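Below, subunit A partners subunit B and then partners subunit C, in two separate complexes.
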Partner chain A sequence: MKVLVFDIWGDYAHFRKFYTTTSPLTFSFPPPPTIAGVLGAIYGTTKETNQYLKIFGGDECRIAVRIIKPIKKVRLGLNLVDTKLGWTLKRRTQIRTEFVKAPHYRIYFSHQDQQILKDITASIKEHKTVYTLSLGLSELLANFKFVGEFNGVIKNDNGWVDIFTPITEENLIPKGIEVETGKKYIKEKIPIKMTPERVVEKYDEVIFEPGGQTIKARVKSYCHLDNGENIAFFWDLLPSRGTS
Partner chain B sequence: MADTIKNRSEILFLYDVTDANPNGDPNDENKPRIDEETGVNIVTDVRLKRTIRDYLYEYKNQEIFIRETLTKDGKPRTKEERLKDFKSSKNVIEECIDLRLFGATTAVQNERMTLTGPVQFKYGRSLHKVDLTYVKGTTVMPSGEGKEQGTFTERYILPYSLIAFYGVVNETAAAAQEIPLTEEDIDLLMEAIWHGTKNLISGSKFGQIPRLLMQVIYKKKENFYLGELDKRIALKSELPDEAIRKISDVKIDVTSLIADLAANNDKISEIRLKVDDRVNFLQDGKDVKIDAALKGAKFTVKPFDF
Partner chain C sequence: MLTAIREIGRRLRGTNSIDELSTLIQEPFQITPKKPTPVVIFITVNLDRDKYDGVQLEEYESTKVDRYLFRKGPSNGPNPMPVAHFTDVEKTFTKKILAWFKEYQKLDETGMAARLGDVLQKNQQKITQDINDKIKDIDKETKKLLTVKVKKKNRCNYLGDLAIFPQLLRQIVNAQVAKGSALNQVCSICGQKKQVTGDPRIYRFYTIDKPGFIAGGFNEANAWKNFPLCYECKLDIEEGRRFVEENLRFNFYSLEYYLIPRLLVSGVQSELMEILLDSQKLISLKSGAKKKITSDNYEILETISREKDVLTVNLLFLKKEQSAERILLLIEDIFPSRIKEIFDAKDRVDALFQEDDGAGFNFGKVRTFFAKSSEGKKNNDLDKYFLEIIDATFLGKKIDFTFLTKFYLAVIRKEFIEDRYFKARVNDALMGVMFFKELGLLTFQEAKSMNESIFSNVLTKYGGMLNSPAKQGVFLLGALTQLLLNKQYAERGAAPFRKHLKGLKMDGRDFRALLPKVRNKLEEYGSFDKGKAQIAEEVSRAFLKAGENWKIAADELNFYFVCGMNLAEEIAGIVYQGK
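So, the complex of A and B:
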């Protein structure tokens, strides 16, 4: 299986948590529907039908994300317009909003449609994107860089391995984490799949190391890349239709 | 209707403030926004957009959607009432330049508008650590009847901050959403960035001077832009960051900006430029004029005519 690997980074990121209403908090890394949006922006899918969720958020593709720079969260006060009681510039509401500071992630992406994979790989190699890239909010502009194209082999050996990416609870074998010194372990509940109507179909808890270090774990399935990295995709792998 | 824009472009804008507060944090005593870890001053994208909107409305006779309007008895009007000023949501976009540039998300009865702005700016950041200063003052007039004297005032200012804004103009975002964003709109945007910044003469913003405005225009259908123009320049000064007080204390190193642009010269159609004469630029350790340096890298350089 061919896996496209590229980096995305910016000054700030905000991936709004769904269970906060008054003070917006951010996930530590972009959840799969957000990554689907990034891929859709590069590829140029139209916004009206939320086509990006069909092409880059469904069972035909595989997505994993790795934290490259340690997660640092900061809060900035944003001056929003209160739209509930009339809409005026005098009636403001000040909201402390949480951001990831200096976010830097590595995205792993594979798709059964080899043409889509080929096209998006070519775009990223040439640093081309159809729409402007951002990290969660339109003003949080992002930059990106091609890292490589690797061959990946799916492993279901259930043995202990060092995983470079967040691991979903669904994928984890019970008691399948070996806690190592010098590492932190955080669990966040994130949206995994979203329908083209932008309704979240599936949430899951994910375990990750906020400093970007590996997690020693036993998982049901992971992908071993020929650059030596082991990554865990956000959802189960189906047998690939394409070659390799 | 004039033609909609066809080219991708990137904007780099530098301006400085002296003894002022470029953008207060409403949740933090209206202090200038500072990244506590690095000491860098931050200005939100919406502050710059407000500057642009105000200039276009007040000086260029442009209709702006996001502005305060009042009812007959002087009360602020709601979003629903503001929308009624226009025939339809399509009409709003045709009339209001700020919606064409920055988009809007509104949902009011029977009218829904979700437009991603073709023009997006990142938060502006100072190119150096800033020195937060607390100023106490007095007011002459009492604040109410029965009081016999004025009171003390207090505010936070920055003695100096040289801020870089970076933005992208995306032609596909305009076309895909049928936003009739024209070249003329972009010209007005650029003028508003420069003169709007200069003309902001409220107490907390007086002393803002635009220093450099650069628009890198890419060839049609390239889908390419360099990204992060703001990270490709560096401030050089013999003074410690917090002691910088004026533009002549610093030099802007444009070596990597010009090198990175030059490496993609085949994709760039032209570069538009406006520079304040007092800014000193450096390339490969030598003093340069930025327009000469760009021309030296074989770019077509056109000055902005405002």
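So, the complex of A and C:
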């Protein structure tokens, strides 16, 4: 299985936790529907029908994300238009918003449609996108860089392995985390799959190391890349594809 | 965070068999010994004769909470029951009680609510006047609750005593949840397909009262897509929230925080988790708390620090502003081992400052500098910086030393100018610096080619903070200056030399110029003895080595200077050994 790997970074990022509106908190890394949006912006899917969620959020593709720079969250006041008085600009309201400062992530992406994978790889290599990339909010512009294209082998050996990416609880074998000293472990509930109607079909807890270090874990399935990294995709691979 | 609260609620509802109604009923008041006991104002209706029967007052009793049937509703409409906090007759009687009967009496098929509503409506004026008469002697500080009492067959009933009202409460809340809900959708908390609501109204940091809050089209009908929540999870979260508010709320120097425990991986057994979720056991745990770092007498962080890393805690700093709730800070997934590191750092700092009055380091030593930017301010305006420091402490983030010294100096200068608690504040600041240094939040570069001197022990004692000749020189100059001020105090009962210190706003040039002034003044007093000469010599040597351009912020330099002033006795102890 070919896995495209690229980096994305910026000054700030905000991926709003769904249960906050007046005091917006941010997830530490972009959840899969957000990554699908990033891929959609590179590829150029239309926004109106949320096609990006179909192409990059479905079972045809696999997504994983790695934290490259340690997560640092800061809180800043945003001046928003106060819409209590209608949509015309009458006054502003300051909302204290949480951001990830200096975010830097590595995205792992694989697609059954080799043409899509090829097109996106070419775009990233040439540093081209159809729409501008941002990290959560349109104001938070992002830069990106091609890292490589690697061969990945899916493994289901259930043994202890160092995983570079956040792991979903569903993928984790019970008591499958070894707490190592010097590492932190954070658990967040994120949306995993979203339909083009913007209905989340699946939420899951993900466990990750906010400093970007690996997690020693036993997982049901992971992907070993030929650069030596072990990554866990956000959703399980289809059984028919098994090990390849 | 919500998942953790829901887990707490679910366990409580499961183990204590808490039914739906108990979860729906809320405590209208938080009873504290300091505040006067609230009063309940009852509008009594005789249902046997469909007649208004006057207004009665009773002291509020928290044991009767199931009978009052209080549950908070929207700020601009009636609560789910005709029970409301009393502000004034117009707002409470008309907009909460009468409005409830207008809106909900039709739901009662027995007709009792309609009959009560009629009586209240017909006697509106009299009731208004009676309420005003009854409460005119009650102190304004006393909180009040307004509700209805029903006389039936010569028996007085609270709303909760009549079967119909609990039933209506359930019905009304259910209807509210069902409004804008969707069937057979995935709940964001339990992940199961159920009927989900889009406006759960649990914590007020999630509202959809502005269209901009509804992502994906600003359409209120689609709000459930943003935060779908099933009724069971809503009840669990409400119960969890109630428990956390009643039992796990602590005070962090005028900032309230909630401690929300969570197991890292589900299915793991943790004795402490069991204790934390048992109100009775929790009371004894709180009263047995030994060491603390906050202002709360019952803080239990030290106990948690002894737990294995199977449990994590979230600290939620929440500020309630009228009907809104703002998250000031959420620190997620703190391991007991991190809390232990914090207490270990506190122990090391306490050991270093043996002369301290026994309280040792706590965050009060930091809060002193991060509360108000000036005394004239009504409210604490430096909360956000204080919260940043709490965040950094628990998560191990670096703190900028220049940032700290800026705020430290602001307070120290004021104390110096007003000649009040100068020494105590410098001590607090130094303790804070050492605490952050011990935790690795402040790092100082290793000193390069430092000369060995008789002061080496003191200069290195404070964790490499004095890592350059300029800093060492300023520090020792501070000590020498303090010795001069002491001499002046002893001789004249005043220390006029203080005016040469420019209100502690000195730069490198000022410090270099200060040395000869201090020396001259000491000579004038005939006090420039061998010991002080030794200190002055060391200062000169350090300044010469440091050269002209120090590249150190003025606040920072003044901080080293005041530290030197504060530790003058320690320096004097070296040069006057045995005297």
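By definition in this document, the second predicted complex is superposed on the first by the 233 of 244 C-alpha atoms of A that agree within 3 Å, B and C clash if a C-alpha of one lies under 4 Å from a C-alpha of the other, contacts with A are read in each partner's own complex, and residues count from 1 in each chain.
We adopt the following convention: contacts are C-beta pairs under 8 Å (C-beta built on N, C-alpha and C of every residue); 3 or more make two chains touch, one makes a residue touch a chain.
The model shown is predicted, which means the values in this text are computed figures rather than measured ones.
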Subunit C versus subunit B on the shared subunit A, clash or fit after superposition: fit
First, second, both or neither for A:11, with subunit B first and subunit C second: first
Which superposed partner A:175 touches (first subunit B, second subunit C, both, neither): second
First, second, both or neither for A:79, with subunit B first and subunit C second: first
Touched partner set for A:94, first subunit B, second subunit C, both or neither: first
Subunit B versus subunit C as contact partner of A:132, first or second or both or neither: first
Which superposed partner A:204 touches (first subunit B, second subunit C, both, neither): second
Subunit B and subunit C, minimum CA distance [Å, superposed model]: 5
Interface residues of subunit A shared between complexes with subunit B and subunit C: 72, 83, 96
Subunit B residues within the subunit A interface of the complex: 25-28, 33, 35-37, 42, 44-46, 66-68, 75-80, 82, 103, 106, 116-117, 120-123, 125, 166-168, 170, 172-173, 176-177, 222-228
Subunit C partner contacts - residues on subunit A that touch it in the complex: 16, 18-23, 25, 72-73, 75, 80-81, 83-84, 96, 98, 169, 172, 174-177, 179, 181, 184-189, 191, 197-205, 207
List of subunit C residues in touch with subunit A within their complex: 2-3, 185-186, 188-189, 191, 203-213, 215-217, 222, 225-228, 262, 264-268, 309, 312, 324-330, 332-333, 335, 337-338, 384, 387, 391, 395-397
Of subunit A, residues touching subunit B in the complex: 10-12, 44, 46-47, 72, 74, 76-79, 83, 85-92, 94-96, 101, 123, 126-132, 134, 138-141, 143-144
